[in-house]
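Naming follows writing order (A, B, C, D and E), and every chain is counted from residue 1.
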Amino acid sequence: MVADPILYVALPLLTAFLLPIIGKINKELIRIVPGLLFAFLVYNSIALFSKVSATHTPIIVEIAGWAPPIGINLVYSSFTGFIATIISVLALLVWAYSYKFKKLEFDNSLKYFVLLMLVTAGSIGVILTGDLFNQFVFLEIVALSSYPLVAFYRGRNGAEASFKYLLVGGFASLSILLGIVLIYSQLGTLNMADIAAHIDEMPRNIKIVSFTLLFLGFAIEAEMFPLNGWAPDTYSQAPGPIGAVFAGMTAKAGIYALIRMIYTIFDFSGAFEILLIMGVITLVVSEGIALRQENLKRMLAYSSLGQMGLLMIAFGINTKTAVIAGMLILFNHAVIKSLLFLSSSFLVYNSKDKLIKDAYGMGKKLPLTAILFGIGAFAIVGLPPFSGFWGKLYLLMASADANLLGLIALILAVSVIEIVYYFRVVNGVYFKKSKTEIEVHKPRWNASLAMIILAAAIIVVGIYPNIIYDYLVNAADTLLDKASYISHVLPNLASN
Amino acid sequence: MSNIIIILAIFGWAILTYIAFRLNKTLGNIFVGLIAVALPVYYFTYVPEDYSFQVMGLTLQFGFTSFSSLFAILVVILGALTLLYSIPYMNKKDRLGWFYLNFLFSIGGMLGILMSKDFVSLFIFWEIMTWSSYLIVIFSGKKVNKVGVKYMVYSAIGAYAMLMAIVLINKWSGTTNISHFFETFADYSNGAKILSSLLLLTAFAVKSALMPLHVWAPNAYTNSPMSYTSLFSGALSKMGIYGMALVAIMLYTNTGMKFFGEALAWLGAITAVLATFWAVFQTDIRKLLAYSSIGQLGYIAVGLGIGTELGVMAALFLALLHGLFKGILFMAAGAIEYRTGKTDFSELRGLIWKMPVTFFSALVAIIALAGMPPLSGLISKWLIYEALLSSEHYFLIILIFLSSTAAFLYCFHFLYGVFLGQREDDIEDVKEAPALMLVPMVLMSFGLLALGTFPGLIFKHISSSMSYLGFNDVTWEMSVLTNEWGNKIYLTHLNTMFMVVFAVFFVIITLVARKKTRRVGTKDIANAGEPILAEDNYHFSQDFYKPFWRVISPVMKYRIETFYNSFANGIGEFFQFFRRVYTGNGQTYALYVVIFLTILFIVGATLI
Amino acid sequence: MKRIITILLLGVTGYFVADAVFSIPFGVDKLNIAKEYLLNSPEELKVANTVTAVVVNFRGFDTLGEVTVLFLAATGLGSILFRRRKYHTGLNPQREAPQASRIVQVGGKLLFPLILLLGAYVFIHGHLTPGGGFQGGVIIATGYLLLLVSFRKFAVKHSSLTWVEAVAGVTFAGIGLTGLVFGKDFLENFLPTGVLNSLLSGGIVGIIYVAVGFKVASELTGILDTMLSIKVEVDEENEEN
Amino acid sequence: MNIFTVILVVIGAIFMIVAAIYAISRKDLLVATIATSIISLVLSVFFFILQAPDVALTEATIGVALTTIIFVVTIRNTKRHEEEEE
Amino acid sequence: MTEELMQQILKISFYGASLALILIGLYGVLTKKNLIKILLSMAIAESGLNLLFVAIGYIMNGTAPIFSTAVLDENNQLLETVTMVDPIPQALVLTAIVIGLGVTAVGLALVIRLYKHHNTINIDEIRNLKW
């Protein structure tokens, strides 16, 4: 079978276009075909990623036969491939989970799966592409598929959340586009490697302004405080599995764009400090606010924002250890937060307001879901032997190496806050009596399977992290080596 | 390899036990019994071997040291006995698989801690121990947030202090290896020395419930099933002592760091005094024992803190002893709870004839705790006093003396309140606890007796761990105590003498007093014609030490817990207020974007 | 107060952006990559309209994304506005609204084929003259808009829209993937390029742009149809969440 | 590029800004929408002047026609007038 | 009027107009309470951005980047006198306009649903989700 990075984007789009017709053949196919597609993407990831890990050279895909910087190119390196793999596996699991998650009519399931495929394709596109404007287009695909997904259910305030997202997302796209315009006006190119190679030719004032604008735009997608007002709303109003999609995919796309810009495209050293400081603020504010949330999904959303802050801190420290920590946290966040979102939506399945107290007593009624939620909670606060621990340990080690003692103390203090609110929920789920009688909805076997796979990943990586360690190191090396990125994408640049 | 295998085997067995309990209760109990037997057998027969491997670029090293095997003996013995004890004790409860899963995980965690030769694996097992014990603390489902989360939060504060220390040590020493840390510690800058030892001390102080970080302990000890509390208080809290002793080495070897030792000793003494006072006024057996535990751990901290050879030896000895006698006492409390369903002093009395074996074990443990001959408590007290005297900590002696005296009060309260006095009707048909519960208690009380006469049995181990800690080998004799002025006390003689006196006294008392007693009902008290009201103090267990309470209550009303609570509330309230940043208005969010952009422009223009 | 703050903030940001923007020279030759495009478009691809060459070939990936955005907008619109369509059929109050005037109706009928023709011309000649798939598609959509506005009873057949949409989209992505089959890159030209400035020049560029035209036309018609057939009064169905 | 174009551009630019301010400040949403569509119209002319016929065509069809139409439809379905602000 | 002066005037007009549109649009987004007005303002800001992009690609006295017969000699070579403007911004703006349309359409659909749900389109009154 063929494996090509282009298929990450081309096939989901093709399938999305085809799906309405496929639905006319057999109605069940609209659910099955996306699954086949996601399974293929996972195969694609494994095939490509093992190749990249073995050779340590990125796969550069030219599109339309034009070598970069003329044409658009995709860069499948150890770094981007790692994230793409996470996303594709997550997409498969989310698909398995959402298969008949709710009883939806034909039209709605069709739309749901089309949107799911496109949000996946968009996120992977953002990560793989080597072209700044193309990244913008993919970000728009991600955004435009997120808006309807957030507003998917009518009984919730989805439209409100979606509109907020659209409003802030509009700022993001304006800002990114303006930044691209400024860069293009100076360098006449849109290829990231080309821009990176010539960034010092840009006048200082334009460089600063374009950097700031791009930073703002990507930071909105990466859910940096104070730009993340929309995020808790969207997480809490979207269908359950979509929370996992947002945490695991779209937020990853945003943070990827941000770090790619800071690490590769621009050469501002101060940018790392800004990222670090904003990460700290995001972390503290989000976790603090999560402390007294009454809405379960909102609490998870704020916690997710906190994790994004942690991610920003990791990438803001800018050392190899820190980048490894960042990759690990990225992995953890994708897996653990997805597990939490997926399991929590069964805990509060039939509750209207998704309050924490509606999940009380579910430990007895939904034992499997509750224990999976518990594993997620244990993992996210960083208790060994779950995978969350290694991310935290590495982040702390990186901060120690960078002499950021205060940061260590802060991260740990925030972890204590995390313990308080997560354990409160876990205790409630197991030991409190539910006051209101809410009908319990048992997860179907496919949903359980998806959650169990996530939990297994958490435990396996937690016990034996060496399983991904080499990939993380490769990814970190790839991200930090700006020169090799440029030389791989533009092999002729050095000779010219 | 064999080292880490034992831990993995325990974890694996834990999961098997869980599955077994899901299938069949009897099968599960058999599994528990098997591991309880296998654990000591395996531990005392296997050949220690070091093992290390790479995880995430960090080297994890395992292997017992002479020091850690001292604690491992305690963990293995106490773990096996509590497991045996648990089988009948927990039999009527639900979710047994879950209970034993966590029970075995915490035993495995403790052994893991003792096996770890580097800080990262120490931390991993520390956390495994913490969360498994947390899951048992909330096992009963009562007060899960108030007690459970509080325990977890304090543990987390401790654990995270350790984590911070670990990453800093990794930076300063280059590795996380524990002995390498000790070797390089001398090269640290002063700030680094102070910071790392402070953090590590905090970490271990939390687990060993040293004031002011003890707040979690009384409730956590009370809330978990008694069979686990024996292990919790007996062995798990000793992990804090283990770590503290490790850290203390650096403090001793560095003259500039003496201050920490002093502070530790003082904190220990204060803990001993206050916790003992608190224990005196408890009306619940479990609470009493919990506070008593904290007090005893305070003693140990004193010994470690003064840091002389004798002090450390005393501390280690007491640590082991405390594991035994507190294990017995919590088991006894559990047995009483198992048979009567009651733990409050006002509802219990006169169980001596109903539960004689329990009484015997508890008596032995109490005597050991109070530090009277013929039991080993005497030796530990002796050692501590001598250590304090020889290192000229006179004020600490006063504190320790005060606390020892007060300890007699609660010892008496416990014995009298539970076993002596007259039975109520509702506990008239109480039977002795099941044999499987008695066996561990009796075994341990024999152990205490043996150690009381022949402390040399364990001093062999202690002296080899002392040499690991950097002291010279301690000279010891099998059953002779010596002080630095050359006096010798032959314990066998002393104990025989004591036994004889006691036996004679007992016979005389029995003969003389037996005839004169007249049995009356418990409600039959002289009240001079006044009707007894509910608020009247008509039961001896009520306000047992009221006069004493009057004296010290002004001091006791300041509780550090209130301060912590208001601090936590303050944080909560602050963020509650801060939540209003998320106004819910999309336009405000858009405005934040522009504000952020403006700031970024200004910052970018000036800084970048 | 809020306005003043807003103006102040926008003033500061505007100052920085303006400072950057006005330092860009206007009207001077700043071409870099574009030179390659201007060179290769007529030489290699034989596409006269360089913008089309850029849109469809050099940066065809963007266009695929762009088409997807439109597809998403149509899908999203349907998802956001329409639920439980089967309960709504025949209940649309707009259908009972008065008809448009006779003049509009006749004019609409007359103009519609012309508009279709214009649209088709625009996208078929996309590689030769200004315009192309997008513009042509939008023109066709406006033709349908005319009909939708003039005739209240006029309804676009959704199934045929779906077919057009799907076939056009699949053509685009499929042509791209065919390149892979021929051992070339995604979206790389595999057809003979023909002669510059003739209708059949440009290889796959023309085909793709026609597909884009159909796609855009069907998506936009779908969007317009959805928007125009919203019921004004719908009581919020509180469906399960 | 001759002088007349320049004058046209200047006038167009001013007109556009005025139209934008008008569109923002009018309470009647329909009028505001029409004003926006006029901006698009001028923009389309600008694109033509800037030698971008493709963009001009797109802006003329999308900006002037389609965007306006969907705005009008939305206004029809909601409220025509912006509420008075307090 | 000299070429340079014309260039300057054009620069100020185009750049100024586009910046003004962007800022006016943003002002509208930030201060207007009506959801439709907000989307309208956003569309205006986008228009300004598009204008800016195309203006940057312009070259004085250039022609549209179309190799029509008018600009080619008999050998299909570009005439010496012709300079073409930058095609890239035009292509990108094409994309941006379509994306803008998509976003606006989705936004308006959301407005309609919000109106049905809340019976208002005042952004201050749509605050069910907060804190």
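The definition used in the following text is that contacts are C-beta pairs under 8 Å (C-beta built on N, C-alpha and C of every residue); 3 or more make two chains touch, one makes a residue touch a chain.
Owing to the predicted nature of the structure, the values given are computational and were not obtained by experimental measurement.
Listing every chain that touches chain B and chain C alike gives A, E.
Listed here as common contacts of chain A and chain E: B, C.
Of all chains, the one whose CA centroid is most distant from that of chain E is B. Two chain pairs, C-D and C-E, are weighed by contacting C-beta pairs, with C-E ahead.
Each chain gets a centre from the mean of its Cα atoms; the one farthest from the centre of chain D is B. With centres computed from Cα atoms alone, the innermost chain of the structure is A.
With centres taken as mean Cα positions, chain E sits 11 Å from chain D. Computed centre separation for the pair chain B/chain E is 71 angstrom, with centres defined by C-alpha atoms.
Centre-to-centre, using mean CA coordinates, chain B is 77 Å away from chain D. Mean C-alpha position of chain A lies 38 Å from that of chain D.
Shared interface positions of chain D, i.e. residues touching 2 or more other chains, are given as 52-55, 58, 62, 66, 70, 73-74, 77.
Shown for chain E are the residues in touch with two or more other chains, namely 10, 14, 22, 26-27, 29-30, 33, 38, 52, 55-58, 60, 64-66, 86, 88-92, 94-95, 98-99, 101-103, 105-106, 108, 110-113, 117, 126-129, 131. For chain A, residues that reach two or more other chains under the stated contact definition are 133, 137, 140, 144, 147-148, 151, 154, 159, 162-164, 167, 171, 178, 185, 188, 190, 208-209, 212-213, 232-233, 289. Applying the touch definition to all chain combinations yields A-B, A-C, A-E, B-C, B-E, C-D, C-E, D-E. Of all residues in chain E, those touching chain B in their complex are 26, 29-30, 33, 38, 123-124, 126-131. Every residue of chain B that touches chain C in the complex is listed here, in rising order: 591, 594-595, 597-598, 601-602, 605.
On the chain E side of its complex with chain A, the touching residues are 22, 26, 29, 35, 38, 42, 45-46, 49, 52-53, 56, 86, 88-89, 92, 95-96, 99, 102-103, 106-107, 110-111, 113-114, 117, 126-129, 131. Contact residues of chain A toward chain B in the complex are 163-164, 167-168, 171, 175, 208-209, 211-213, 215-216, 219-220, 226-227, 229-230, 232-233, 268, 270-271, 274, 285, 288-289, 291-292, 378, 381, 383-385, 389-390, 392-394, 396-397, 399-401, 405, 408-409, 412-413, 415-417, 419-420, 423-424, 427-428, 430-432, 464-466, 469, 473.
Put simply, chain A touches chain C in their complex at residues 2, 4, 6, 9-10, 13-14, 16-18, 20-21, 24, 61-66, 69-72, 102, 105, 107-108, 111-112, 114-115, 118, 121, 125, 129, 131, 133-134, 137-138, 140-141, 144-145, 147-148, 151-156, 159, 162, 178, 182, 185-191, 194, 203, 205-206, 208-210, 212-213, 350, 352.
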